[in-house]
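Each remark here refers to the structure printed beneath this line.
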Amino acid sequence: MSEHENDVSSRGLSSLDRSNLDLETPEKPYLDSNELIINMGPQHPATHGVLRVILKLDGEKVLGTECVIGYLHRGVEKIAENRTYTMFNPYVDRMDYVAAVSNGLGYCEAVEKLLNVEAPPRAKYIRVILTELNRIASHQLWLGTHALDIGAMTPLFYTFRDREEILKIFERYCGARLTTHAFRIGGCQYETYAGFEKEVKNFLAFFPPKIDEYEALLTGNRIWLERTKNVGVISGADAIALGVTGPVLRASGVKWDLRKAQPYAAYSEFDFEIPIGENGDTYDRYMVRMVEMRQSLRIIEQAVNGIPEGPIMGKVPKVIKPPVGEIYHSIEAPKGELGYFIVSDGSTQPYRIRVRPPSFVNLQALDIMVRGLLVADVVAVIGTLDIVLGEVDR
Amino acid sequence: MPNFIMSYLGSSVTPGEAGNQFWALMYVLIIFAGVSVAVMAMNWLERKALAHFQIRLGPMRVGPHGLLQPIADALKLMLKEDIIPAEADQFVFWVAPLIGLLASFTVYTVIPFGPSQAVSDMNIGILFMLGVSSLGVLGIVVAGWASNSHYPLIGALRSSAQMVSYEVAMGLAVVAAILMTSMKTGTGTLSMIGIVQSQQQQGIWFIFKFFPLGLIAFVIFAIAMIAETNRAPFDMAEAESELTAGYHTEYSGLRWSLFMLAEYAAMIAVSSIAVTLWLGGWMRPFPNLLHAPAWDFIFSFFPGLTFLALAAIALIGTARMPSHSFFRIQRIGLAVFAALLGFIALLLLVIAVAGRSADASLAARFNEGIGYVYWFVLKVAVFMYLFIWYRATWPRYRFDQLMKIGWKVMLPISLGVLMVTAIVGVLVK
Amino acid sequence: MAEDVKTPAPPPPPEGEKKPTAETVVPPAQSAVTPGTVEKPAAPAAPKAPTTEKPAAAAPAAPKPAAPAAKPAAPAKPAGPVPMPWTSPLVEKYKSQYGSGIEAQTYLGQNYFSVDRSLIPDLLRMLRDDEQFDYCVDITAVHYPKREKQFDVVWILYSFPRNERVRVKTQIADGASIPSSVSIWPTANWLEREVYDMFGIQFDGHPDLKRILLPDGWKGYPLRKDYGILQQDQEWVQINLGIESGQ
Amino acid sequence: MAPVATPWFFYVLAGLAVASGVAVITRRNAVHAALALIVTLLSVAGLYLMLYAPFVAGVQIIVYAGGIMVLFLFVIMLVNIERSSKERRYNRMWPVGLVAACALMGLFMTAFTKGRSLFPDRMISLPESSNTQQIAGMLYGEAGQMGQYTFAFEIASLLLLVAILGAVIMTKKKI
């Protein structure tokens, strides 16, 4: 979009006002309202928070988009510089708040790496179980809202009903449901509660029929197929060039998952598969995430059956003072590659923490994915990108 | 005055046809009130049914099981501040909901609840109905334009295109049914009452006529009528996840409620057309096969028994309410409601017994009329439930897909059905 | 929380002028050329040594070789991993091509180049085209206010075919600009905008360089170390609320 | 059938038609004008109904008020209202229009006052119930014989079909 159009939209003028302004310029065609500029968001039911998308439309066809983000910017990276490593740990939960456990895992592992310590095996297993549960919870929330965007309102309630079971496990484990702060640098603070394994196993038995239920509502549904097939297509090469990661990348046929490519925590010990799509359209992304939920169940099953005994906290000094140096560590969050680039100056506070948010980078692909589609597809594509504005804006 | 009343009750034509202006007016009032109440009931039912589809409870606080919720909502909407956007076209913004409301309520003048239970029996009934209901789109278009905002404008454009294109398929499906009316008598009719009567004469609901032609035409109409009323999965005009609320984004309070009233009234209206054209209108099941007076007597118990069942459900609900003092008032309320339903049931049963004789006594005519209205409303209610069911189950179509279905699938099929019906009709004759 | 609590320390303490050289023992896992092993922290414990933020020319006094057995223990006070020179065919190639403008090191199993600013677009392009670093993971910056060249700009790259990460760092002065890499990786678009937003670093040739997370009229660049949070807060409260800030 | 065509209804409808007709040409806002036109068309439909021509009235509502006017509004909404409302409403053609209107009025007046003597044998008698079937009879014929206007009717429909095809070809760049 050119500067001029941005000016117009940022002044908040409707096209009618705009044409009024153009009265003095006779070279403008008389019927100039073919191009419509509408603001989707920041208050809009389908932008998943405070995302503002400026759409340039020809009728209903999208000619171009521009994302305006930052409405939820809290300066997490600046906060980090004024907190100790331990104090900053809860903050990362507030970025991708639907996958808080994953955020915590990435941060703790990055700092552990910087400290050059390793969490004990039992802690790693607990981390894997909780992170995979969180992945399922995140995908459930994505599925519900995505289906709601496309107009199917019922799956939302089903997914929230089943997500509750996961949140209950979190709550019993660490007392919090959403921003869990489940892990500590060096391991876990809490030992699993009595009955943890039983509850997780119950969930493993409980959940597969529920996935079938979601799929019964959507997968074969004609309208769902028409709304998702060949919508928001992004090729594998484009996805790589745009730095898109996570299920969006895998749906474009790139078989890449950090859990396999560069295993962290205990992932190298588990047997699971990486689903990939073929066309890189919305339907493939849907299918990839559905299969991922089942694969997560597989991982959890292996982890909960093979969970070792032992300590849950590694040998971490009381005051965390990593040596001077810098580290980049990334994990496969539900949305994609979540990376932490930490620079330490040897003090108790990080000199600089840079978060590489998957949602932020994935959102950049929105423009090329929706060009030429209709307004209705824009919400479908925003949904399928599975962005969380807390993470986009940080 | 008594003469007025008796004169209509003694006649067998609609008040409009009889020139009975008093009763015509009465009917208009009754229908207006009845439809408004039906819309409120539908509102409650939709919220409850949708909630139960979605493992929720729905309204539970205002009245027992939220029974008074629609009333509370209506009050709230009436008292709400009436906001007209500063840049809106004031007059058009003001008049738009009225157009929609007018269109959907005018349709009821020709809907036959019984052979004489209608405001008027126009000989162009179905044509009038299609025409007037097509005026409803004007309200939407004008509302979208007058709001002077982009989302309503797009919603209005969508819905005008959608309604105009689905009207075509709808009209052709209707014509197929009208062709069927000419089968035995030789001349067809456009009159709504005439259509039902011809189904009676031919001894078949038109949905089963020339199987599967009638069924196909009916299905096309059933799909088109969802699109016509802007309901899921064709609720493009107000797709909340895309256009926030479509054409009524800028509306609030009473004006918004008028739009809702118009939408639900239109839903009931098109369902009534479908019932009239294909499902035998006011006729009870098997009126020709089981035509003995004994069967009449048995079927006349249905209304009373239905209300009895409703009363029983309400009673069970009363019994199942938690015995906490907090629920005492609700409990009493539900019990009173159950008692009310039971009383109505009793009344209906008494009428059924009293009116069993075939003479033209007042009770007999009452009994007859109740039977007609009961079966008609029951059939319409099935459609209303389907509307809710669709909404709970399906995602929303995209606009271009909707148009594609309308023009490339529904229109050819309905044209084909029309032609084949005409050919078959000639051959059979 | 006053911002002056955190006096931004210049990263390398005085003794940090030393730097390990290639003669030091390279722990096995640090050969790091084979894909897949890159991220495995082999955790070489080595005597305290500085980072390499300053490409000071000081010749290193080679510390005594690390005792790798000390791995799991919490790093003793003077002990800690040190950046090691990174040797690989890739590095050899570039070293021979660019000579002193490029330094390759590895720290905790993670490889990075510290390169001269003048090499920037060419090296990145070559990394993508010739070495298949096709995925730009992240672009960010670090601010060292006490240094002459105040900013480190960091590219984190990943290669799908090699399953290998590499970081490219360069130093630029305040007010200096740096060539944009949007033409190399489209994903750099927003990432560079964010760096500009937070640090005020200009990227030449960026299609649409403007603030991304902060409002357009924002003053200052928040992730610079000298950015005063309290001052900002007090000013805002003063202007918008007309009262004194309680901070 | 009891008479419905009371003069009261006639005057209301006629007055409405005239008033809204005037509004159509005087309103600056095109949407207001279109709404006024809809009112005119509906009033005329009411007049048809009073003339025992319910079929024509129904078609008037469906085709004009329901179909064509929706398309009208559809187009008007896309046009720049603010701008068009600032333009001059009457162009130089208005004297011609005035003359034409006066001529038409004169014609109607003549027909109204002298109609009986001018066309003595063409007086139509109002049908008892409806003219729907009579229209059908004229168009398609009754009792096996060809209707009076069958040929003309079919030609007209053919003409419309050609018009539709032409419109599609003109607007659609590739078919």
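First chain written, first letter: the chains are A, B, C and D, and each begins at residue 1.
By definition in this document, a contact is a pair of C-beta atoms (placed from the backbone, for glycine too) under 8 Å apart; a residue touches a chain by one contact, two chains touch by 3 or more.
None of these values were measured; they are calculated from a predicted model.
Peer 1: Which pairing of chains accounts for the highest number of C-beta contacts?
Peer 2: Pair with the most C-beta pairs in contact: A-C.
Peer 1: Comparing chain centres built from Cα atoms against the global Cα centre, which chain wins on proximity?
Peer 2: When every chain is reduced to its C-alpha mean, the one closest to the whole-protein mean is A.
Peer 1: Roughly how far is chain A from chain D, centre to centre by C-alpha average, rounded to an integer in Å?
Peer 2: Each chain's C-alpha centroid was found; their separation is 60 Å.
Peer 1: Indicate the whole-number Å distance between the mean C-alpha point of chain C and the mean C-alpha point of chain D.
Peer 2: It comes to 78 Å between the two C-alpha centres.
Peer 1: Between chain B and chain D, what's the gap in Å when you average each chain's C-alpha atoms?
Peer 2: 31
Peer 1: Using mean C-alpha positions as chain centres, tell me how far chain B is from chain C in Å, no decimals.
Peer 2: Going by mean C-alpha positions, chain B sits 69 Å from chain C.
Peer 1: Hey, what residues on chain A touch two or more of the other chains?
Peer 2: Residues 16 of chain A touch two or more partner chains.
Peer 1: Any chance you could list the residues of chain B touching two or more other chains?
Peer 2: In chain B, residues 157 touch at least two other chains, as defined above.
Peer 1: Quick check: what residues of chain C touch more than one other chain, meaning two or more?
Peer 2: Expected reply: no residues.
Peer 1: Help me check something: in the complex, which residues belonging to chain C touch chain A?
Peer 2: 1, 3, 5-6, 8-9, 11-13, 16, 36, 38-39, 41, 43, 45, 48, 50-51, 71-75, 80-81, 83, 107-108, 110, 134-138, 140, 142-143, 154, 156, 160, 163, 165, 167, 185-187, 189-191, 194, 198, 211-216, 222-223, 225, 227, 229
Peer 1: Along chain A, where are the residues that touch chain C in the complex?
Peer 2: 10, 69-70, 73, 75, 77-78, 81-82, 113-118, 240-244, 254, 256, 261-262, 264, 315-317, 323-330, 337, 339, 341, 343, 345-347, 349, 351-352, 354, 356, 360-361, 363-364, 393-394
Peer 1: Contact residues on chain D for chain B in the complex?
Peer 2: It is residues 1-2, 4, 29, 31-32, 35, 38, 54-55, 57-59, 61-62, 65-67, 69-71, 73-74, 76-77, 129-130, 132-133 of chain D that touch chain B.
Peer 1: Report the residues of chain A in contact with chain B in the complex, numbered from low to high.
Peer 2: Per the stated touch rule, the residues are 14-16, 36, 38-39, 44-46, 59-60, 147-154, 156-158, 161, 217-218, 221, 223-224, 226-227, 374-379.
Peer 1: Flag every residue of chain B that touches chain A in the complex, lowest number first.
Peer 2: Counting only chain B, the residues touching chain A are 53-56, 87, 148-151, 154, 157-158, 232-233, 235-236, 239-244, 391-401.
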